[in-house]
């Protein structure tokens, strides 16, 4: 290799790494350009410059990141074997000062107040710690400031926050206003669009804003429009915590929502709770979620859905031999128990009761199919990821074995499952928080109209699911009133009033009741049209 | 386990194992000719499947030509790998080449993740009704019958190719005595390209059959699903015998599916992977020349 | 009491009898030569002595102790040093590093202590370094200490290797064709060096050598192997004039031997 | 280094000092100014460096390739998580146990490596990694199955920033051990064994023992890395430790430059940070016209292989070799490119 090219190589080798670090130091794209192409020595000088700039960093220079987050004492929830993350101090660095961190997050937002730690307003705005489990705390002045991260331990305050480009007038009322400005409410959603749950990302992206656009045209929520930040949790709990963290600490969302996936929802809900961020999700397991003060289920939990399904087996299917197949995760133990108990009570004969791994191999699913076939089950009470369900059904059918599949669920009732699984899945039946497309025009004509309007073309059921969830959230935000804070939001939910959307079931909560949905829809696969049809709306049993 | 389950496991094992056998064939061919452990072998297959899917489902080309296009893609990738990576590192240690081909595989996977969606895709079986045939009281789908037939046909063709055609004989020659072959006036380089191309073709077929069998595919599914069993199969065959590799594939397949369906392993998660690992280690430590390879 | 005794050692590889009933003895302070045409089993004998091969039959005694069952590194620990026909060095490393590597057993601290950087180890390393430089001094390698071995000329490599072996602090030095690639006068010079080294490190030496003059110059006793069997033994002149030996050399080196005999 | 070279003047030393200070600043001060999420990423970089050094011992010093290193790391992670959240042990006990278990499992693999060498051993490690991922890490009673196992940050280091400094400390310790290892008999023995076991043996090195030692040390480092990783995410799930990760580990080590401490550290840090910075530079993924957006999760595995192939075919010495002039300059030497083009550094196994 020639000396010249080796020089280039040096620039590549040494400078790139240094330059990238510089990017962090100065948080400016422009710093990277020159440094990258520079020979190492100049790069070194840049580094020196960067170092200097950084020395000022903690002080909160506009260039470098601002607030130092000191330790927060691990709350009871976080420190235990809770699956939640330790409440690492505060809600992250200034999104405003460190522009590149997240350009979109220029919107002013206030830090959360920790119950005990008084939050001192810095010159530029606010500092605050992560809220304790109750999530209550004194207000911090200046919605326009970036949330400082205040220490839990000893309650030392972080440095002053850097001013954000979009200043918002200080609000009179007490409360945590993160993610809320005059014009906007930022909410975070996480869902699996990669991994073991096959959600086409395109469908997700298309659907996520439809309702909010529709609402915006009708004046929004007290003049505020809702902005949705979306993250893919890859069907992986650890990943879910990471993305929820990003949404809370970098994007500064007002509330978090989980679309599907019990493990991801549980993990993220626990994190949200440790940060005092209200967290809503479709109903999954109760185990591990009960007792989280910031958690609310927008639809029936798996356990709540059990009696409905059992009564259906007994009174509608008139079958007796059932098998229970569930994903092999501790969170579903309670569901398995409740199904077993109720089924036995109803005189059903449980011929097989098995759990399969989330990442079960084809051959494992095949042998499970065999076992089911030999067990002679007429009904399979199923609670697995769609992928496992489809593979299981396909293998079973290849064995000329086609039982009735039914179960609780959010994702298994989606048309993509029918598309991929038919004819193998037969007339599979799943409960769902939202109805299918066949009845939506009757229940809520606005959906298709709006979808048509903002995306063009007919809306799909994923969009419908998002529409329904958004509608519930919208109603809740509305109920929280004009002075929207995390506290007023939670208060509104706990007030015990009904939230009715005509898409999602009616739901109401109280201080103690967090699984407040009253009913569910029963969907059935129709393999001629390769779609799911709604066979019972807002059902509470059969 | 019941006789039925056993028969079932064996039948399935034979079919999946034959797939492993195809991968193993490619691995052995390449190893014989250039001493490379080709970790990209599996990905050649995945690429073929992705191409097939795109051309067939998206652009709407009918199945048969689409399959051809898919195979072309895998062959092209194999040739590219040989040109761009293997030749450049010809005098490098073999482990370097191994790492390099692993790099190629990862690159392919990442592109699949990026350009195709990261999720698993399901495909409809090429044939309609699924459960017409029955082997030893085991329902076997037309799809699987088709696969079995295809595999046997391919095996026979390869057998003929290597025993009858000059090219085939030349390949065997080059793998035994490169220099001698060169003297015989056969260009080792050209042969090397040809062998890689052939490996790509085999991988392509293997990938399509595997996807057809599982009725689904995702990024890197061949690498994660078939590469290790394929290598194990090749090792069973002593890394130098083509029939050995194919038989080895069947052995691995059956062992795997027995492990999965036998109640003895129920306690262990992922019994298939454990079985393959154990098989590999045992063979390598106790009988490095392979069960069927000559000492 | 002899330093090395090879008693009736035999070994066969497949069909080839590489050594049969080979006997070699080397008394203290002796320099013993092992000669014989190529493929006579000389290096095989060395491998049996140093432990790379386990003989099918026979014993190897070192300083009166039976070492037949011991591994190579164990024999090194007892004081066997050996050079290779094709230079046994860590090619990727520098001369200095090679001289240090060779002092593995002299380090005086455990590998664990070394990697934890326990206090004692630093001093020990300084000691080893000093010794390495001293050896380099003796063999005139000081300038080359920091050059990578890979690039060096063959003759120099041989010297470095010799230094490395000496670094293991051996009592018995087994040299496999130490002068290969040297001209006659270089070889002669080497002979002188060897005698010095023996004095300095009080060594017993067994060397495989083709340079008959060198053998005559330094060896106290000579063994001649052919087809894995002992053909003749005795003082250099005796063996050299042995008709059997000459016949064995006929073809490849006979004429060479003869004219040297007459010179 | 060659003894006779003129020392730089005060100005020269000042410049060198400035650069070092700047680098130190980057590592020590910068994160202090960033938010938790970013500090979390920096911490991961430090941990990856530990893992890289672990792999370097096998790949670089002993020439034993490990394609199952995600298992080494994962075992450490799950051990630590188990100790803390199931056995109720303190953080430190978890770390120690993770190192012990990591070392033991590596020892077992090492024993296999004595019989199965080169390419075939690479296969074994590959199968081992997959086996761990598919089976071992799914044993619910140990790992919490697909739900994973929580591993809260230790008391006193509960903020990301403090934990970051803790991880830096561990990294420093690992670097120290690695440095001393290669400056003493152990390291020299390993290099000799890698290049020529016969020569090593004649030098008195017990080849078997030292090969095993290398595995154990690598395993201990990997175990430590895993434990730190678990506590950094405060949560550990099997999905993390897949084949891709193993390849990323290999790539970051090779690209960093085998047998080059600084290079490996830089390479590892780079690959754990690249996705994040990529996200900063083109926020929300790279928009290639005509193609899909490239999400940051995939960046390392997209550019990784490219860099790998580039390194293997063009600069076998990796980053480490390319920055030698800089290092030499910092040590007070002259800035020359004399050895940036040597091709002697290789991913090699003498027995392959």
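Read from first to last, the chains carry the letters A, B, C and D; within each, the first residue is number 1.
What we mean here is this: a residue touches a chain if its C-beta (ideal position, glycine included) is under 8 Å from a C-beta of that chain, and two chains touch if they have at least 3 such contacts.
These numbers were taken from a predicted model, which means no experiment stands behind them.
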Q. Any idea which chain sits dead centre by C-alpha averages?
A. D
Q | Selected interface, C-D versus A-D, where C-beta contact pairs are more numerous | A | A-D
**Q.** Distance from chain C to chain A - Cα centre to Cα centre, in angstrom
**A.** 73
Q: Take the average of all CA coordinates in chain B, do the same for chain D, and state the distance between these two points in whole angstrom.
A: 32
Q: Between chain C and chain D, tell me the centre distance in angstrom, where each centre is the average of that chain's C-alpha atoms.
A: 42
Q: List, in ascending order, every residue of chain A touching at least 2 other chains.
A: 195, 357, 361
Q: Give the residues of chain D that touch two or more other chains, as numbers and ranges in rising order.
A: 134, 138, 145
Q.
If I apply the definition of touch given earlier, which pairs of chains qualify?
A. A-B, A-D, B-D, C-D
Q. Mind pulling up the chain B residues that touch chain D in the complex?
A. 37, 84-85, 88-89, 92-96, 98-100, 102-107, 109-111, 113-115, 223-224, 228, 231-232, 235, 268-274, 276-277, 280-281, 284-285, 288
Q. Along chain B, where are the residues that touch chain A in the complex?
A. 2, 4-5, 8-9, 12, 16, 117-122, 130-131, 139-141, 144, 214-216, 225, 256-257, 260-261, 269-273
Q.
Going by the contact rule set out above, which residues of chain A touch chain D in the complex?
A. 1-3, 6-7, 9-10, 12-14, 16-18, 20-25, 27, 29, 32, 40-41, 44-45, 47-52, 54-55, 57-58, 64-74, 78-90, 92-94, 98, 100-104, 149, 151, 153, 195, 232, 234-239, 241-242, 245-246, 249-250, 263, 266-267, 327-331, 357-359, 361
(Q) For the complex, give me every residue of chain D touching chain A. (A) 15, 18-19, 21-26, 29-30, 32-38, 40, 42, 85-86, 134, 138, 140, 144-148, 150, 152-153, 155-162, 233-240, 266, 269-270, 273-274, 277, 280-281, 283, 295, 297, 314-315, 318-319, 321-323, 325-326, 329, 335, 337, 340-341
Q.
Which stretch or stretches of chain C touch chain D in the complex?
A. 50, 52, 71-73, 76-77, 81-82, 84, 88-93, 97, 100-105, 107, 109, 111-112, 114-117, 121, 125, 146, 148, 150, 164-165, 168
